[in-house]
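You will see two complexes here that share chain A, one where it goes with chain B and one where it goes with chain C.
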Partner chain A sequence: MLIGAIVAGVVFGLYFTLVGLGLNLVFGVMRIVNLAHGDFVMLGGYAAWWLLSAFGIHPLVAAVIVLVVFVALGMPLYYLIVPQLQRARDSEMLSLILFFGLSQMIEAVATIFLGTTERSLPGRVLGIGPIIVLGARLPKPWVFSAAVSAVAVAAVYVYLYRTRLGTLTRAVMVSRDEALATGIDVHRVSAIAFGISLALAGIAGVFAPFMLGSITPDIGVGLNITAFAVIVVGTLGNPLGTVVGGIVYGVSLMLMQTYFSSWANLLPNLLLIAVLLVRPEGLFGRQVRRA
Partner chain B sequence: MTETIDDALLQADGIESGYGKVQVLWGAGLAVRPGESVVLLGANGAGKTTLLKVLVGLIPAWRGAVRLGGTDITALRTDRRVRLGLAYMSELGVFPGLTIEENLRIGGQFAERAVLRARIEELFAVFPDLAGRKRALAGALSGGQRKMLGIAKALAAGPKLLVMDEPSAGLSPLFVQQVISVLGRFRAGGVGGGAGLAMLIAEQNVAFLDLADRVYTLEGGRIRFEGTVAQLHADDALHRAYFGLA
Partner chain C sequence: MRKRTLLPDLALPALVLIAFAIGPYVYSNELMLFNFVMFLALAQGLNIVYGFTGYLPFGYVGFYGAGAYGFALAVMHLHAPPLVALAAGGAAALVLAVVLLPLLRLSGAYFAIASLAAAQAVYEVVSNPALENVTKGPYGVSLSAVFAPRFSYDVGLGVLAFAFLLVVWLRNSRFGLALQAIRDDPVSAGMAGVSVVRGRTIAWLLSALVAGLVGATFAWHISVFYPDTAFDLGVSIFATVFVLFGGATTLTGPLLGVLILYGVYNAIGITVPQYFQFIYGALIVGLVLFLPNGLVSLLTTRGIRVP
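Our next item is the complex of A and B:
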């Protein structure tokens, strides 16, 4: 039972890495907290539901469509919101308020147009039957979702560490002022990072119906708290630390559900409080911001 | 009023600027000729950093104009100015969380790949301490090595004019002399085979006057003196202010 919980936890952890990765990328590059991140996950989920139910489009294809649409949506949204925010004296606090408002707005509009009925997708579209890993029986949609998450994390790693634009992105993460002084087009780099962040949220959303069971317009708030727990554990501003945070969260969640199931929902908040009290720089970091 | 120089590479006139409602610069101006080395002397709070930031486009000029090679660059963003040949070394100067090689690649971000590769090899030949630690994080370097990397990073852009903000900041006298020695080689055209690099160095350390073809002094956001080092020494009040009692 213990091994099973740990294996399932790693699978869940990979998925929650994907949920938190974009949030951490935006914090690292822009020093703002996108409280609407979970709502973009929710929108990705509804996009997958609509594409499958209306056109029969497979979730993997839906993920590619969501990737393109959310990047295209994220870049203008960045230019609309973030440069103004960063000119403010207390941009981090202002970002909390502004993105909380955006989150509420997205949820309200989604409720008006989509209703409050729970939507789910049939697991069979991602495969039937369990996959056995180290003796643990895992539903195929979980493994599929975790595999897509792993590919997305690897893609972000390649982007950050193997491309010219990624190096510039890490430079902005290290020091925005030095980046400006070196002549880096900080807004262009940040807009692309914002677009990638929304795309990661959207892709996580595509697989949310499989990992969470169903989606409703109000899942954004809960996902935000979970994403926060993941990135605080894995170190704020360090996108790849999110992997550590996600797996710690996933394994803890599965152990809680196995041995103390009635307490499992408290886990994100418990992790947040514990890490902030004991090791506020996160398990993976020595400082708040590093590339 | 700063003298206008016909063949100036960089010419700034009547610069007024500041932060929010606080005005720091009150009509400051200066000029740098191609290949010339100019030192901007001033005490803490005189407005040196603010003037440099206006010159490189990090903060806007409220009034006045900045021209580079005859082109008005007053309204251009920093990245455009870097493309035109103006490189800036801030007090931090490097990205501590990136490797030495990444710092150099970012410094030369606008150069063609082959040109940048050759330029980085050339810089490693000048800075052998850095060459042996290409993959080391800049944050792991000593203060002096970090300064050298800052200079190399700025030079990776292949600039016509290198603008430096207090390169002596945080360095021991020994390292200050090393920095001056390295900059002296660039001034003489010792690297790259071309004409000497034009430099504008904001400092309060008078040791950098060894590099200066001309000097400006800045006080309270205004240029108080412009001339040669010999003329600076000849002015009793300035001599006392910057070198102590004779």
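Our next item is the complex of A and C:
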């Protein structure tokens, strides 16, 4: 039972790595908190639901479509909002409020057009029957989602460390001012990172109906807290750190569900508060305290 | 230098209080008036912590919910008279604020999110079916034994007066000035001999106390409610938008925010709340981008002093 919970936790956690990955990237590059991240996950989920139920498109293909559409959506959105925001004095704090507003807008529009009915997708689309690993019965969709997450993490890693644009992105992460001074087009690099971030959220969303059971327009806020907990536990600006965060989250969630099931929903909240209070600098790699 | 007078700072709240005291005699929808009073007080409570210390607690509703459940538990288990239960509600919010004091070590965005997580955590505990014997879990509480709509409305006005007085005091006292110095530059303020930790702690506790008292009054007035209503994130959102819209650190700003936005909300927003949610979201985005200091900044940047 213990080993089973841990194995399930690792698989589940890999999925939440994908949920947090994009948020981490935006925070690392732009020093802003995209509180609407969870709402883009929600939109990705509805996209997958719509593509499958209306056209019978397989979620894997849907993920590719969502990837393209969300990148195309994210870059103009960046130019619309972020440069103006970064002119403000305390842009990190204001970003939180601004994206909270954006999140409310997305949720409202989604509720108006999609209703509050819970939407789910049949798990058999991604394969039937559980896979048994070390005595843990894992639903096939879980394994599927975790595999997609692993691919996404690898892709982000390759982008950041093996391409020229990725090197520029890391330069902006380290110091925005110095990157500007050396002639890097910071806005272009940031816009691409923003687009990638939304695409990652969207892909996470495609698998959300399988991993979360069902989706409704209001899942964004909860997902945000979870995503934030994951990236806070992991290390900022490093995709591998988000993997650690996701797995820590997944394993502790599964252990909670196994042994204290009625209190499991408390976990992301408590984990977030505890890590922020106990080891913020070490896990973030930057100063988050004052006073 | 022109001598500053307290008169406008006291006249404005007095006018509002008188208007809402007369309100029930001329307007029949008392629940709506009560909601106005509630949000006026909550907005000023949030103003205490956000306007004067710069900390924005997204989880402000946690104190409101703690106050509501403090009241409900005191009535259900101790059979306390309503006014005693009201104090218990305030005390519950204060206890929560003390527990959450370490959050003040976090800066801006981290504080906001951690406080949101804290409010969610409290909600998860209160609404947990495992605690049905204590809090009635997700099934909600019924306090019909103490139901007294008129009296609780008047007590709500008292809470609002208390919130107003706190803000008037902060705007006109050394302590309030010290808080604003801490907000603008904590290091310099500390060097100048201002006790940073003490200042923030007091503002945080006062702000939580206001929300707790409002929550307790809400529980009393409404008398039947669920954890979903007492910990509705919408309460935090509304209060935040009202304060931002009008402009923090003033009395007028949050007041205008509530009267204008909540007024419009009641005029059009009831049937399809999503339209209003959308407009609110758009307002937040627009305000942050183009008017980060709220409506009153249109006046204050021209050198006009606003109460």
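Observations on the model:
Methods note: the second predicted complex is superposed on the first by the 277 of 291 C-alpha atoms of A that agree within 3 Å, B and C clash if a C-alpha of one lies under 4 Å from a C-alpha of the other, contacts with A are read in each partner's own complex, and residues count from 1 in each chain.
Quick note on the criterion: a residue touches a chain if its C-beta (ideal position, glycine included) is under 8 Å from a C-beta of that chain, and two chains touch if they have at least 3 such contacts.
Just so you know, these numbers come straight off a predicted model, no measurement behind them.
Superposition model on chain A: chain B and chain C are shown accommodated side by side without a clash. Once the two structures are superposed, chain B and chain C can be ranked by residues of chain A touched, with C on top.
Shared-chain residue A:Ile131: touches no atom of chain B or chain C. Touch criterion not met for A:Leu60: it reaches neither chain B nor chain C.
Judged by the touch definition given at the top, the superposed model places A:Leu98 against chain C, while chain B stays out of reach.
Judged by the touch definition given at the top, the superposed model places A:Val69 against neither chain B nor chain C. When the shared chain is aligned, chain B comes close enough to touch A:Leu180, but chain C does not. Contacts of A:Ala171 after superposition: chain B is touched, whereas chain C is not reached. By the touch criterion defined above, A:Val109 reaches chain C but does not reach chain B. Contacts of A:Val143 after superposition: neither chain B nor chain C is touched.
Vectors from the Cα centre of chain A to those of chain B and chain C enclose 90° in the overlay, to the nearest 10. After the two structures are overlaid on chain A, the closest C-alpha atoms of chain B and chain C sit 15 Å apart.
Taken together, the two complexes place residues 289-291 of chain A in contact with chain B and also with chain C. Within the complex, the chain B residues that touch chain A are 56, 58, 77-79, 81-83, 87-88, 90, 92-98, 102, 105-107, 109-110, 153, 157.
By the touch criterion given at the top, residues 54, 56, 58, 102-110, 112-114, 116-118, 120-121, 124-125, 128-130, 186, 196-197, 200, 233, 237, 240, 244, 272, 274-275, 277-278, 280-285, 288-289, 292 of chain C touch chain A in their complex. The part of chain A that touches chain C in the complex is made up of residues 33, 81, 84-85, 88, 90, 92-98, 100-109, 111-112, 221-222, 225, 228-229, 262-263, 265-266, 268-270, 272-273, 276-277, 280, 287-291.
Listing the residues of chain A that touch chain B in their complex gives 164, 167-168, 170-171, 173-175, 177-185, 289-291.
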